[in-house]
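Structures given as structure tokens follow.
Next come two complexes built around chain A: one with chain B, the other with chain C.
Let's turn to the complex of A and B:
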């Protein structure tokens, strides 16, 4: 297959998948709606004798839920019912992976933009319907930071989607991963909750405490590439339709 | 309040959804999801526009600044007359003719209380001092209320004075990581606050030992 043919196949598959898997946005809306309701209690709060309770509002919970949605959605793409749907259009494994990579980027873009805008929905709701005195909005005034922030949200979601895609591919490769990976994830979550794993906290800081946009871009895209490389290698032995 | 906001948003959403569904004459399941998706997108866009149109009243932006010696210093050294009057937040003047006065408070976050005896008769003068309080780069002094003090029969009630709830909006963490803004404030400048009671020396003040009350000059 020539490069031009591959490009054409990828494009065709991408648009087909976008149409076919539009239902994923249904779960996105539900996920974000639940996260917005959870956010009504504030992302954090402090209290002081003189002023009382101060709640801090941001769409952080929506973002975290969207990361989870991206992970699960990407994982779903590798499951049999979803793979069967793309059967008619798959030219080879590479075109399938590339179209999935682009499809997940598109999902991440929509998920990221809606997560960002949901912050305004949350703040308007708090202002209009809650009996709180507003102290400040802390709006970002620098257009460069706004653009960098939106791109970063999309990159983070894409990264989680790639992780989900990799996990799904590994499960296809060896069924033992279906038990192993959830166990590792649950174990990690318990360690984080118990604050006993310095390594996991360092991984979190490596991605989410980076103040240079260029480094965030490099770290996330490198992770995405690595995940897709592992996915491609692990499913290489499989036929297009297993 | 959560229920009210959810209901209102649900109603707005249903209106947009119904409009989108009717306009597009969408079919079956695919049409439903499309209508749902575009309704949600519409709601998000409308909210974003509303956010920038709303007259969001905010506290004055101000950096923490030093405002002279501690209030405690003035009280410990008996130099209350040198306190900047700008720090007086509330004052009460009562005429009390009794010989005994019970001091009651609900011991919830009440500031330290200094009692000063005076030769004046029937005097019961209370001043609440408060230095500016800063949080997150905002001067929130205007949001603090001070205690509620009432005199009834032979007791002076100093009531818990905060029940307001406040909100500070923050950008989401991917924006915060490229700016100086943090979710929880780094700068949290508590303004000192003190209650100063001036009372006739012939009035016997009664209070419990656990109350934060200090007699000046003793």
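Let's turn to the complex of A and C:
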């Protein structure tokens, strides 16, 4: 198998997947629309005696919903009905993983861009439909910052997508993960809620409280690579179209 | 040149052996019929050759490479069965277009002509086709892809007789125009007789026969004669099948090479040819008495 052969197959599969998984874009639109509705209440607020209440509006909720959407969509890619559609023409495991990796990146890009823009949509909607006084939009930044912001969002979404993909692949590899992984996730959530577990919060801070763009880039892409490596290794010997 | 080579291939499914120490090889540009009863290992073998499934042990080589997970084999071979899951939101024309994008030797003219001949509607979806129509469509994909190795797993399932015959004809014509290595598994050996060059007969995951079609046709003869004479004369020889042909009369099927026909004639036996599909059934018979044993 030469490198050119692999590249050709990956490219073909990538475009095939766009047609195949077009439905994912509809679910993105619905998810973000719901998130915007939730955001109308403001993503944060402070009260002050002198000027009343100040609401903050941002794309945060949309972003979190998009993370969830990316995770579930990627997980779906690894389920049997999706795989059966995928393993039709020319493929092998590696080309399939690589094209999925790229497809998820493209998906994340679209999701990230629309999530970013939904922040503006939200502000315009609030301005138009609610009787609030606008204090500031806080959006006058240089193009470089905007681009960096969008790339960061895309990378985060991609990271969540690859986590979902890894979970799906592990379940394919061993059915026991289908029970194990949700248990761990729910267990962790309970830990955070009850005892504010340091370790888990530190993981969250490691990824989301990073102020350097370069470090965000390195952390997320490294996570993505790790997830795909695990996916590739765990599914390499699995048979298809059982 | 050998295109397919298998040596001591075993495939375990759970504890059961779907393939058991199977060894054979298939030359380039031949049409081989893969014959066997239900559960003989036909699908398992084809899926392994197509690179979809992994052999448990032994060596499989398709186009000199191990097929499992091989991109090269995936590009140069196609496995057609009736369980193709085409995406539900692509219509038939779009599926053909995708096939064309993936397979380098795709013959668009042939695909479109067959598509029109069998009266498919471009906007139909694969899931809404009837069983026979679906098989026909899958076979069009198999034909048009023109892969070096084409594997058909019961391609005619659900087709009516007329379509089956037409499909075999298309297959032969396209093969003559563009020779490649084809394996067809089927339950209708008699319909395939004129198409096949070789026959590979499997039973319980083992190879029983692998010989040219012409030899299979001459493989066995049927003898009818008085029971005691016939049994006496056939003592020590393998009787593939026997049944009563009337009072005191017996019909027995034996290997042609085991007996001398002139002698049989001299003993007053009637000699009749045995069709290749009957030979396959007799050889893979589960023992004397067949299904009737169940009711005893």
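Note that in this section the second predicted complex is superposed on the first by the 235 of 242 C-alpha atoms of A that agree within 3 Å, B and C clash if a C-alpha of one lies under 4 Å from a C-alpha of the other, contacts with A are read in each partner's own complex, and residues count from 1 in each chain.
We adopt the following convention: contacts are C-beta pairs under 8 Å (C-beta built on N, C-alpha and C of every residue); 3 or more make two chains touch, one makes a residue touch a chain.
For clarity, every value in this text was computed on a predicted model and none was experimentally measured.
Contacts of A:23 after superposition on the shared chain: both chain B and chain C are touched.
When the shared chain is aligned, chain B comes close enough to touch A:209, but chain C does not. In the superposition on chain A, contact of A:84 is made with chain C only, not with chain B. By the touch criterion defined above, A:55 reaches chain B but does not reach chain C. In the superposed model, A:93 lies in contact with chain C only, and not with chain B. Of the two partner chains placed by the overlay, only chain B lies in contact with A:117; chain C stays clear of it.
By the touch criterion defined above, A:6 reaches chain C but does not reach chain B. For chain A, the partner with contacts to more residues, out of chain B and chain C, is B. Taken together, the two structures place residues 22-23 of chain A in contact with chain B in one case and with chain C in the other.
Taken in their complex, chain A has these residues touching chain C: 1, 5-6, 9, 12, 15-16, 19-20, 22-23, 81, 84-85, 87-95, 236-237, 239-242. Residue ranges of chain A in contact with chain B, taken from their complex: 22-23, 25-26, 29, 32, 37, 40-44, 46, 48-60, 63, 114-121, 123-140, 142, 145-146, 148-150, 152-153, 156, 208-211, 213, 216.
The touching residues of chain C, counted against chain A in their complex, run 47, 51-54, 69-72, 74-75, 83-87, 89-90, 94, 98-99, 101-103.
Those residues of chain B that touch chain A in the shared complex are 1-2, 4-6, 8-9, 29-30, 33-34, 36-37, 40-41, 43-45, 47-48, 50-51, 54, 56-59, 61, 109-111, 130, 133, 135-138, 140, 143-144, 162-175, 177-179, 181, 183-185, 188, 190-191, 193.
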